[in-house]
Every structure is written in structure tokens, then in C-alpha cells.
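Next come two complexes, and both contain chain A; in the first it sits with chain B, in the second with chain C.
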Partner chain A sequence: MLDFFQEFFSYTFIVRAVIVGSLVALCAALLGVSLVLKRFSMIGDGLSHVGFGTITLGIGLNALGLNLAPLSVSLPLVIIAAFLLLRISENSKIKGDAAIALISGSSLAIGVIIAAKTTGMNTDVCNYMFGSILAMKKDDVYLSIALSVVVLILFILFYHKIFAVTFDEAFARATGTKAGIYNMLVALLTAVTIVIGMRMMGALLISSLIIFPALTAMRVCKSFRPVTILSAILSVTCFFTGMLLSFLYSTPAGASVVVVNLIVFCLFSLLGKIRKSGATI
Partner chain B sequence: MKRALFLLVIFVLFLSGCSSTSQKVKGLPIKATKVGDNANGTVPEDASVYTTADPSDTVICTYPPDTTNPNSEKITADSKGIIEIKEKMFIAQCNDIYMNPGEYKGKTVKLEGFCDRYTDPDTKKTGYYVIRNGPGCCGNDGVAGFEFTFAGTYPEKDEWLEVIGTIELITVDDYTTVLIKADSVKVLTKRGAEFVQN
Partner chain C sequence: MTLLTCDKLSVSYNRITALKNVSFHVDDGDYLCIVGENGSGKSTLIKAILQLIGTESGTITLNGIRQTEIGYLPQQTVVQKDFPASVFEVVLSGCLNRKGRNPFYGKAEKALALEKLAELGIATLKNKSYRDLSGGQQQRVLLARALCATRKLIVLDEPVTGLDPLVTTELYATIKELNGKQGIAVIMVSHDIQGVLESANKILHVNVEPVFFGSPSDYLNTSVGQRMTGGTTHA
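Coming up: the complex of A and B.
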């Protein structure tokens, strides 16, 4: 067992992946609770599709000779898209889920066209689609760590306001809380988390990192704080377990993490049902 | 509060600007297409091939390490300081070297793979590669590994090699890429996995 862990941590890129991945998993889990409770789960999915489109734009610009990191192109555009999605969901005649489908589908299509016309569907594009946490540049690692820390600090600083807006937005507004601004803050933090997590999990899988831990924690906990704490613990644990299994069985890292999350969700659902039936007896 | 959020957005955008690539690195190994076999390699005049009487019968031929290379004394199978690119995580480790070449420049690596070669039709220069097959974008059509240069006789195409050498960075058409300056190239009879998953 010790030899296994020694070998696992002997690879520099795995150590980097574990550090970045744990931070992203933590951010995603914390934000996930608010998003799931506010029924904004699909925003994460929509933003990841927007992220894919903007990443291919970054890769395309790079191929044309502009020395830009794809993440630096993607981040501001995904933040704008997050605000736009939020605004459309709240005010527009187009309903939230339809708006998300509209924007995510369009972004994906634009991304595929940009990729086809610039670099082609190469490994770089595939890595952003399905994730490639083991192939990260050192610059990306530092950026991901810095952004994750910013997300965590802001979440902790505004925890009570985010809780108020999540729990009962109308009541929060009535008590003078500027709900719109805190909704924007959640959207901003989600956008940042999606962009930094996309390299790791892939555009198609990153939303599961947001949704699964919160849903799993909600199977056994009933109040906001325990759900948030359990969600964070589960997310990091599932991420690490997924990485270990990926190393052990040579499976894709992102997909392994999602499958571990799924198994834990099933177990917690079962546990929740057992507890519920025990309480009713 | 609006001002605080505005400053936050500016801060995030500022952070994102920090990650602009300082160095272009061409060609992740996995996205390379298979190299051809339509040319002969050049053999230096002073090249020599050793046939060993290794009792394990794994080594067919080897070229002695370059004694002028300060790393040559370190080149033994079990010595420390050599980064061994193993069969497990072969692609991931190769990718990491291509993604972060500055981290590996000047370091000694050891890897196994089959030999392939490619002659540029324009320059007529032949490149030699130690590679393994792997998944690509359109099925299992990718390869992972490195180009290597060697002072001795280059091996034949498809021979199974163990290459030990130093990571060097070269610039081709404004792109920086990685190659191995081999100190030791052994042809082994026992072949490893030609196809690797990760």
C-alpha cells in the first residue's frame, strides 16, 4: 500500500493534479449547494459549453500567432456569459432552461467551427472536451491555484449573504439584501470555477463536479451548513479516490472522478432511505 | 458593494492575464501523426556498434555513453537522477515534458519504445524517434514519445529501444520543441507494450 502511494506521488504532474483538482473540487462543491438549491444547476453545464467555445477561440488565436493562453481568453468571456445567463433567466421572456440550452448549444457550435477552421479537432481541443488534468502547464497550475483561493475567500466572506439569497431570495430582498449583486457574485464564482475546472474535468464533465456533491450531501443532511460542509468533504474525497482509481486501472481521470461521485451518490441515497424508513418505524 | 464587485472582476481578469504563454512549444507527442519510413539515416564516420554477450540476452547492441557528456557517468539502469518514463503513465509523462520543457531541460531521461524515422521531403533530413502508439483524436492513431539524436549508429525502424539521454530544447520555425540527446541506445529483444493508454 505504501509503495503504491509512493509511486503515485512520485510523479510531479500527479502531485500538481491533486493540488489543483482538490481546490477546484472544493470550490465547485461549495458553489454547487447554492446552485442546486436555487435550481441553477444547468448554469454550470451551460457555462462549461460556453467555456469550450471560448477555449477553442483561444487555441485558434494561438494558432494564428497571438501568444495568448486559452484560459485567459476564456475566463472573461465565460464571466460575461454567466452574467448574461443570469439576466436572461431572471428577466427575459425566454425561460431559464431554454436560455441555457440556447447559449450552450450556440457556443458549442461556434467552438467546433473555430476549431475546424484553425487547428482542427486536435488533442488540445479533445483535452478541453474530456479533460486532461495530467497535462497542465505550470502557468495554468499557478493561475488555477490563485483563482481557486480567490473563489474560496469570497465564498467564506459572503457566506451569510449567499445563504440568505439561496434560502429565500424574496425575504432577503425584503430585509435589504441586494440579492441581484449576490446572484451575480455566485454566477461570477461559478464561471471562474468552470473555467479552471474545465482543463481538469473537461467541458462535458465539469458540471457534475458542481452538482453531484451537493445532491449527495442533501440525501443525508437537511440544513444549509451541514450540507455545505459535507458536500465539500465528499467532493475532495471523491476527487482523490477517482484519481487513485484512474492511476490504478489506467482510466481517464475526469471520468473516474465522476463515476466515484455517482457511486457515492447511490450509497448516500440508500443511506438516506434507510434513515427515513428507520425514522418512520 | 458594486465597486467591490467591479474591482473583483478586474482582479480576476488581471490574474487571467498572468498565464499568457511565455514559450511556444510545438507538438504534443500524442497529436503527432505516424512518421514514415522512406529514408535512410545518416551514420557518423566514428560510429561503432557493439554486440554484447549479455547473459540475459536482452541487449542486442549498444553504443557506449559519450564520455564528454557530464551526465554520462550517471547513465546506468538503476542510478538515481534519471527520470524514468515507465510504461504506466507513459503518455502523461511525455505530455508533461512537452508542456513544461523548461522544467526538464538538461535532465536525463530513460524510456523504452519502438524506433521510427521520418525524412523531411524538403530538407532531406532524417529524424529518429522513440515512440509508442496511443489513443488519438480519431481512434487509436496517436503516438507518444520523442525525437532523439545519437552519435552512434542509428537503430533500424521498429526495433525496440531503451534510450537514455538528456532533454534538450530546439527551435524549429519559431517553435520550441523537445528532443533527447541520447547517450545510450540499446536495442532490446524483449518488447514492451507498443500501445499505451495513458
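Coming up: the complex of A and C.
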């Protein structure tokens, strides 16, 4: 057992992936609780697709000789998309879910065309879609540590405001909480989390890191704080378990993490049902 | 003392006028009931008072109370139906406007939340999950939260929607008690005019434009008042 862990952690790329992944998983879980409860789950999904489109744009620009890191192209565009999606979900004639589906599909389509016309559908593009554990560089480690510290601090400082805005925006605004700012803050942090986690988890898979832990925790917890804490613990645990399994059975890392999340979700749903039926007897 | 004065207020949504030239005032300890048909601008008026929407013209002046110190009981949203929050967490969130820059709640806020829970007879529900409560209990929790946010004025937007008659009567009694014993002024939007006529001391009837503002007994003598109350005459 010890040998196994020794071997596991002897690879630098795994250590990086575990650090970045755990931190991203933690941030995603915290933000996810609010997003899921506000019925904004699809925003995470929409943003990851936008993330894919913008990353291919970044790679494409590189191929054309513009020396820009794909991330630095992607991040600002995804943040803009986050604000846009939030706006649309809040007040628009097109309903939020339909609007997000529109934006998701369009970004994916544009991304695929850019990729096909510039670099071709190479492994880079494939990695961004389904994730690659090798994608994490040293800078990503620093960036993700910085990000998660920021997310954690902001989340703890504004925990009560985020709760109030999530539970009842009208009341929160009436009693002087600037709900718009907190919505934007959550959207901004989500955008950054997605862009950082996307390359390891995959653009098509990253949104499950946001949605699964919160939903799983809600199966068994009945108050907000336990849901938040359990969701964070579950997220990191599932991520780590997924990485171990991926290493053991040589399965793709991102997909393994999602499957572990799915299994845990099923287990907790069952547990929640048993508890409920037990309570009524 | 006049708590709130609304002077020639007009509000429009997407260039459609929702309210026009509405004037009224609420004094300390008043119980104002806002009535009108669907789409008559009742909820718009409430949102304007709470500054949740902008106004086109006219003024709303508060006296002796800050804008953020109005206790609001909004209509329930879909989000809240299965929201995992304990009763205490919800009620405590009413103290958000009291804690200032401190990111966390202090002893005073927690004590206040407990006090309001006890006042509304739901102290035993403190650790229950909000989503497991009955409709009437949920309204009491939201009322407790509104009371945490205010000392003088609560604004209720159709608080008895979806409640059965018995629970409705109980909730009205509680609101009347808060109004009578603690002197908290009440502004309530309601469809159920019969249920509030005896409690309210002022009636505002709007149908985009103001139709009536005055005492319930005068209201019953107007033709619109008789129509709204089902034609009963008040001797």
C-alpha cells in the first residue's frame, strides 16, 4: 500500500495534477452549492463549452504565429461569457436554459471549425475536450493555489451574504445586500475555476465537478452549512479517488473522477431514501 | 409620526405604465392593506417601496426608518421549495442588515433570531429543515426573518397564498398581534380582502391609477369596495 502511494506520488505530473485538481474540486464544490440551488447549474456547463471554443481560438492564434498562451485568450472571454449568461438567466425573453444551450452549442461549433481550419483536430484539441493529466504545468500549480485561496477567503467572508442571496434574492436586496455583486462574484469565480480545471478534467467533463458534489450532499444534509462542508469534502475525496483509480487501471483521469462522483451520488441518493423512509415509520 | 410617504408615484415596465400617480402614507403602527385585481400594480408598488425596481416619477420618503430596515416577506419562489437550510439559518439571514461590515453574526444577532422564533411560536422548529415544513410554518419562518430585519415596518406580499383557511386565520391573528402589541406598522398586499378588513386601518385600492385610499369603513361605502367584498353592506 505504502509502495503504491510512493510510486503514485513519485511522478511530478501526478503530484501537480493532484494539487491543482484537489483545489479546483474544492472551489467548484463551494461555488456549485450556490449555482445548483439557484438553478444555474447549466451556467457551469455553458461556460465550459465557451472555454473549449476560446481555447481552440487561442491555439489557432498560436498556429497563425501569434504568441499568446491559450489560457490568456480563454480566461477573459470566459469571464465575459459568465456575465453574459448571468444576465440572460436573470432577465431576458429567451429563457435561461435555452439561451445557455444556444451559447454552448455555438461555442463548441466555432471551436471545432477553428481547430479544423488551423491546427487540425490534433491531440491538443482532444485533450481540451476530455482532459489530460499531463496538461498541468508549474505555473498552473501556482495559479490554482492562488485561485483557491481567493475563492476560499471570499467564500468564507461572504458566506452569509451568499446564503441570503441564494435563498431569497428579493429579500436580500430589500434589506440592503447588493445581490448583483454577489451573483457576479460567483459567476466570475466559476469562470476562473472552469478555465483552470478544464484542461485536466476536460471541457466536456468539468461541469460535473460543480454540480455533482452539491447534489450529492443535498441528498443527506438538510441545512446549508452541512451541505457546503460535505460538498467540499466529497468533491476533494472523489477527485483523489478518481485519480488513484485512473492510475491503477490506466483510465482517463477526468472521466474517472466523474464516474466516482456518479457512484457516490447514487450511494448518497440511496442513503437519503432509506433515511427518509426510516423517518416516516 | 409618518413612517412612509408615497407622493404621485409612477412606475413603468418596458414602457408600459404599471402604476400612475399613486399617493398614500403610512403612520407608525398603521395596518395598510393594498388591494386590487391581478395586474393592477400591487406587487409593483411593493417593489418600488423596497427599491427593488426604479420609479419613473414621484417620490417615496421614509421617516425614522432606513431603506434597508424594512422587513419584507416576499412571495415564495420555486428555489425555496426544496432548499436545504435550517429554520435558524433562514431567520438569522434577516439580521444581515444589522451586522454591518462584520462578516459573521454575533451573539446579539443570534439572540434576536431566537427571540423572534419564540415570538412566532416556532422555537421548536429551530433545527428543522425549511423544506420539510408545512406552508404555514414556512410563512412563519419568513415572517420571523422579516422581523429580524426591522423594528418598525413589515411589508407582506400575499402572505396567505396557498394556505388553508385555518392556517390563514392563525397567520392573520399573528400579524394583527405584531401590529397591535408591538406597534409594528404593516403594509400587506392581499387578494383576500375579507380576511384583512377587520385588522387593517387603511385600505389602498389601486388599478394602475389610485382608486381609493382611506379607512375600511369608508371603503365599504364606495361602489368599488362593495364589489370587492362581494356586495356586503356595512351597517
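The criterion applied here is as follows: the second predicted complex is superposed on the first by the 281 of 281 C-alpha atoms of A that agree within 3 Å, B and C clash if a C-alpha of one lies under 4 Å from a C-alpha of the other, contacts with A are read in each partner's own complex, and residues count from 1 in each chain.
Going forward, contacts are C-beta pairs under 8 Å (C-beta built on N, C-alpha and C of every residue); 3 or more make two chains touch, one makes a residue touch a chain.
Given the structure is predicted, the values throughout are model-derived calculations rather than measurements.
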{"item": "Clash-or-fit label for the pair chain B, chain C on chain A", "value": "fit"}
{"item": "Contacts of A:38 with chain B and chain C, given as first, second, both or neither", "value": "second"}
{"item": "Contacts of A:13 with chain B and chain C, given as first, second, both or neither", "value": "first"}
{"item": "Cα-centre angle that chain B and chain C span when viewed from chain A, reported as a multiple of 10 degrees", "value": "170"}
{"item": "Contacts of A:115 with chain B and chain C, given as first, second, both or neither", "value": "neither"}
{"item": "Chain B or chain C, by number of chain A residues touched", "value": "B"}
{"item": "First (chain B), second (chain C), both or neither touched by A:206", "value": "neither"}
{"item": "Partner chain in contact with A:147 - chain B first, chain C second, else both or neither", "value": "first"}
{"item": "First (chain B), second (chain C), both or neither touched by A:26", "value": "neither"}
{"item": "Lowest inter-chain C-alpha distance for chain C and chain B in the superposed arrangement, angstrom", "value": "12"}
{"item": "Contacting residues of chain A [partner chain B, same complex]", "value": "11-14, 62, 67-69, 71-72, 75-76, 79, 121-126, 132, 134-140, 142-143, 146-147, 150, 154, 178, 181, 184-185, 188, 192, 247, 250, 252"}
{"item": "Touching residues on chain A, where the partner in the complex is chain C", "value": "37-39, 156-161, 163-164, 166-168, 170-177, 218, 221-225, 227"}
{"item": "Touching residues on chain C, where the partner in the complex is chain A", "value": "50-52, 67-70, 72, 74, 77-80, 83-86, 89-90, 92-94, 96-97, 99, 103-105, 127-129, 131-132, 142, 145-146, 149, 155"}
{"item": "Residues of chain B that touch chain A when the two form their complex", "value": "1-2, 5, 8-9, 11-13, 15-22, 24, 28, 30-31, 88-89, 92-93, 95-96, 99-100, 103, 136-137, 142, 197-198"}
